[in-house]
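Okay, so chain A shows up in both of these, paired with chain B first and chain C after.
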Partner chain A sequence: MVHVFGLWGRLLDIDLSSGKVAEMRINPMTYRMFIGGRGLAAYILWRELGRKWRDVDPLGPENILTVLTGPLTGYYPGIKISVSGKSPQSGGVVGSTVSSHIAYAIKACGYDGLVIRGASRDPVYIYVKDGDVEVRDASKLWGLGGMDLIKALRSELGKDTPSLYIGPAGENLVRTAAVMARWFHAAGYGGYGAVMGSKKLKAIVVDGSGPLPPVASMDEFTKLRCSVIDNVVGRATFRKWGTTSAIWGVGHDTSSEPIRNWQEEWHNREEFNHVLIEWRYWVKNPWADWGCPLACMKVSKVRIGGVTYLSDGPDYEMGAYLGSNLGVFEVDKMIALSAMADDLGLCGIQTGNVMGFAVELYERGVLTREDVGYELRWGDFEGLKRLMEDITYRRGIGRVLAEGTYRAAVAIARMKGVDPSEVLKYAVQVKGIGIGAHGIRSRKDYPQPIAYAASVQGGDHTSVAGLPANSEESESWSAFLDSAVVCSFTSVDEDTMIKYVNAVTGWTLTKEELYSVVGPRILTLQRVMLLLGGPDVRWDPRLHDENPPRFYEPLPSGPYTGGFVPREEVRKNLEEYYKQLGWDEYGIPTEETVRKLGLYDLADVVKDIRKELGVS
Partner chain B sequence: MATSQGQIWILVDYSLCSGCRLCEIACSLKHEGLIWPAASRITVHEDYPGCPVPQYCVQCHDYPCVSACPTKALKVDQNTGAVLVDPSLCTLCLSCVQACPGKIPKVVKGKQYVLICDLCSGDPACVKECARAGYNALRVVRKPRGTSIKHYARPPEMVVREVCGRVLGD
Partner chain C sequence: MFCLHFYGNLAHSIGRTICLDTEKCVNIYLLVEELLRSKNEPISVDELLITTADGKQVAHESTTCDLSEVRVMRLVRGG
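Coming up: the complex of A and B.
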């Protein structure tokens, strides 16, 4: 029987410690309250782990990995899957999304997602075929990079089958490891590659042969689907160049691109340009994900020193973080570093962030040749390659950097016997999560001054906070897209998106309800879990709802030289944003708010948090 | 067998195919009223990045599937040239799959007969969707004469290998 239209109302609940597989029912009310994907992940994690959240080691068997679809998965052009759990980066919940055929395949098996708990002793992969689940031996697959893994799975299964997987980085519990898909796709934010690694789970492979569940209104759905496709097809330059074009535009025009660990945000390097990449290196364009008319993906191929590297565009974030942020302005070398990160299973953003941080520390003499074993220099391809591999395999200084920028900063300060703030001032991160490649100092890019400081997902550029809280500027909008589970590149205006969800599910969601109840509910739950944190991180909103120190340094170059964000403005906007979400002046949700949002069991928790911080 | 004038054919350009599978979605919506990629009469294979290969019935000049069918469940639509399946006669014996050079007819859990592209009576939904999405990797043309079209009915992994070499090199 159909539960909610567009969804099956059941998840596969797989315990890797015992090998047991069960069915977890999700009732229609829960979907209505948390939508799916990111919201449902927070709900499940809280329900299953709530009381002991702080003691849960994200890399221990007690953590739960969720792989969830949402009501728009498979129905809306541009597919995503939401990967979540307790984040080894922030200690909170990050709804990390990635494009993957596995999203529709899960629904085609008759399920809305997977909940994976426990940990296997030996390497395994999960194979789901329609209703059957097998936990299979992966000892021969352990150690493989993405390219070889997909080949090996292809020959083992006899056909190309949608998968999520980790590379060596995830296996080695690198906190900047991503959950990968389709060679070049990554659920990077959150560090869930390391969570898969800690469960000895190399891959999840799903072969679904059934239909997607029926929608509530076929006529309305068909009409909306056609209108969205037409809208997306109209974005001609986006279709042509994908986000790769931003490696020039965000650097040169809006001056908000990370350059040498954010020491600058502007460049005038004509050679760092998507058009040259298109001419020289793209062997395939268009390249699209499942059901997507946008095709922001491309396939690029370069040869350096007899080695062939394959990557996507690369997309802007990879281009910025493994290019300009490392002082690499030669596009072929940037593509090669991007290809390496994909194959090793690293998040390009978090890894490029910690690598840039390390090179700056070396430049400033905080890290020395004795610490690293070789020289670290901006734009030095061979050295950077070595550094990326050392992080992946936790060798030498890589052991420290594999912990991600925040933890590495604290560890290096301890190593050097200096106050943590002396090293953290070069760490461009918020609450353990390196900031996406969109700066706030020039004020010409989309993130507001509190975009990262107030986000429940730290530096995540795909989930930024902003005023007013009842608009697309607020994090409620990202929470909605990540819970309906849809790509933000193919999303359209709010009214159409809400109509679309209603046409699929049969709900009567309104914009007002989205911004006053549903969005704030998801954010409030995520916020409380983030403030609980643990076991090794504890965030104090008075200290950590804050931009990285670098963002208060004036921009040193470009058309917006001197640009920075005044601290008073950040404080003022934070307080206003908290107020609009029903949180107190410290950003702690009030008891009244959690009750109003139906999060009744959080009332005692927020009281305790206030007491602990001495602000009750 | 029929090769009459009005018959159509779906021409594919692998280099324009984005691998998006909108064709599969459109096909299953048209034939099944559901998004059901496994039941789509067109299937996109992609074993290597950037080398998607859509496969579907190419209406071979000699229709080996039709001659192989022991229950006469398959016949050629004289207007379009498509192979039509009679659900009431098909026993899922797989003779047509074995006879097909590309093993293209599909057997899917939940369907009691084999699935073969019927060219949507002359107006294929996959082609329309591919055009709507701006890719134009699929186009309707008049059915080419001769035996060459049969090459497109090779096993997908073979076609993928051929195409992949040109896109990715080694």
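Coming up: the complex of A and C.
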């Protein structure tokens, strides 16, 4: 039975502790309130775990992993899936998305997503074939990297079947581990690869052959789809270069690329550019996921020291974080590090962030050869490879760094007997999440000084906050895209996107409602869960709604030398942003706001948070 | 009068709407490029999506005599 157009209204609810599989029904009004994907994940996590949120160990069996589609999955050009749960990085909820055909396959099985709870004792993978679900033995797959795993699954299933999976990093509960798809794609933010690892869940494989649910208005949907495809196909530059071109553009032109752990954000290294990569290393261009007319992806191949490495573009984030941020300006070596991260199942952003942090600590003498066991130097390919492997397998200093930048900083400070602020000043993260590779000091790339400080997803560059809160500059826009589950690269203007959702679902969503109710509802719920945090992290908005200390240091080079973020502007904009979202002067949602948004059971929670912070 | 409506990060840097008196028919992409340069925005026109008010991509040969307003946004917000 169709509950709402474009969606089935049911999820697969799989308990890996008991092996029990059930169906979770989602009320049409819940979809109307939270849309799907990221918003629905926040709703489910609050409903199932809310009252004990602070005590839930993200890497314990009580955490829930959600893998959700949205109303636009299968209908909008491009394909994404939302992965969420209690984040082992922030202690809140991060809506992490990844391109994968599995999103379409889930809907073609007659479901809108999967809710995975409990933990298996032995390695398993979930296999869904239309309406049937099996939890299969994965002991022979455990330990495999992405490339070998996909080959093994192909051989076991007799064909290529859409999957999400983890590499050794996720198995070893590395907090920077990603949920991977199709060799190079990663749902990196949030650390959900470690959540899969904690459940002993190596992969989720879905083979769906049924139809998608009907849409509300086929005529309007067809018209909009054709218009969006025309629009997206016209983005020739994107198809030609993907995001790889930004390793030069963001580094040289807008001066906002991480260089050596953000000590600089500008480079003039002409050898570090996309044209060279295209010329020498792209073996497939363009390349696309199912149904994507943009085709921004590429495949790179390099051979170094007798080893062949395959990666995608790499995309800009990987290029920046595993290239310039580590002082690696030789593109072949950057591609190799990117390929390694993909195969090991690491998020390139979070891992590049913690690796850059470690090299800077070594450079400054905070970490020593005795601590690390070998030398850490900018641009030293062999040493950096070794460090990445040590993080993946939690060996030596890798055991500390596998906890992510924030926790590693606190642990290193304890190890060295210094105040945490002495080490945290080199940690370029917000609320446990390393900043995406877009700086804010030049004001030419991400111009909003509260982009990361106020985000409910910490350093996530795909979900930044901004003023005014009732525009696409606010985080409500990202929350909408992640909940409808759309790739931001194929998204178009707000009016068309809203018409599209309405054509598929039959809703009457308006721009005003999106920015004054639906978006703020999702953000407010995520905000409350982030402020609750736990069990090992707590965020006080007076201290932690803040940029990394490095962003207050003036840029030392490039066309925007001297650029920095003025603290007064950050505080002023934060106050205004809170006000516009109906949060109090500390950034805690008010009781009136949560009630107005229909989040009635949060009223007591926000009162308690205020009391605990001594601001009631 | 020809108006450009900026979205996202560009709106923050440049302003939400800029209207210009254009006596001659000027290519819209060239006009946007010149405007960005005059505002010291280090962004290439190739990184932009320029659409009509109803969301259709503006053709590369379109001029300010063909349209009275366009929407301008950056294609890549992240990588």
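Observations, loosely collected:
To be clear about the criterion, the second predicted complex is superposed on the first by the 615 of 616 C-alpha atoms of A that agree within 3 Å, B and C clash if a C-alpha of one lies under 4 Å from a C-alpha of the other, contacts with A are read in each partner's own complex, and residues count from 1 in each chain.
Everything below uses one rule, namely that contacts are C-beta pairs under 8 Å (C-beta built on N, C-alpha and C of every residue); 3 or more make two chains touch, one makes a residue touch a chain.
What you are looking at is a predicted structure, and each value in this text was computed from that prediction instead of being measured.
Partners chain B and chain C, once the complexes are superposed on chain A, both fit on it without clashing.
After overlaying the two complexes on the shared chain, residue contacts for A:R239 are found with chain B alone; chain C is out of touch. In the superposition on chain A, contact of A:W287 is made with chain B only, not with chain C. Of the two partner chains placed around the shared chain by superposition, chain C is the only one that A:P447 touches, whereas chain B remains out of contact. Of the two partner chains placed by the overlay, chain B and chain C both lie in contact with A:D230.
When both complexes are overlaid on chain A, the residue A:G519 reaches neither chain B nor chain C. In the superposed model, A:S471 lies in contact with chain C only, and not with chain B. Rounded to the nearest 10, the angle made at the CA centre of chain A by the CA centres of chain B and chain C in the overlaid structures is 80 degrees. Once chain A of one complex is fitted onto chain A of the other, the partner contacts of A:G190 are absent, as it touches neither chain B nor chain C. Per the superposed model, the minimal spacing between any CA atom of chain B and any CA atom of chain C is 14 Å. Note: residues 230 of chain A belong to the chain B contact set and to the chain C contact set alike, using the contact criterion stated above. The touching residues of chain A, counted against chain B in their complex, run 74-75, 77, 101, 104, 108, 130, 154, 159-160, 182-184, 208-212, 214, 218, 222, 226, 229-230, 233, 239, 283-284, 286-293, 295, 299, 301, 308, 310, 312. Touching chain C in their complex are the following residues of chain A: 227, 230-231, 234-235, 237-238, 243, 246, 249-250, 253-255, 315-317, 319-320, 436-438, 443-448, 461-462, 466-467, 471-473, 488-489, 492-493, 495-496, 559. The touching residues of chain C, counted against chain A in their complex, run 7-9, 11-13, 41-44, 46-47, 49, 51, 54-57, 71, 73, 75-79. Residue ranges of chain B in contact with chain A, taken from their complex: 16, 18-22, 25, 28-29, 32-39, 45-47, 49-51, 108-110, 132-135, 167-170.
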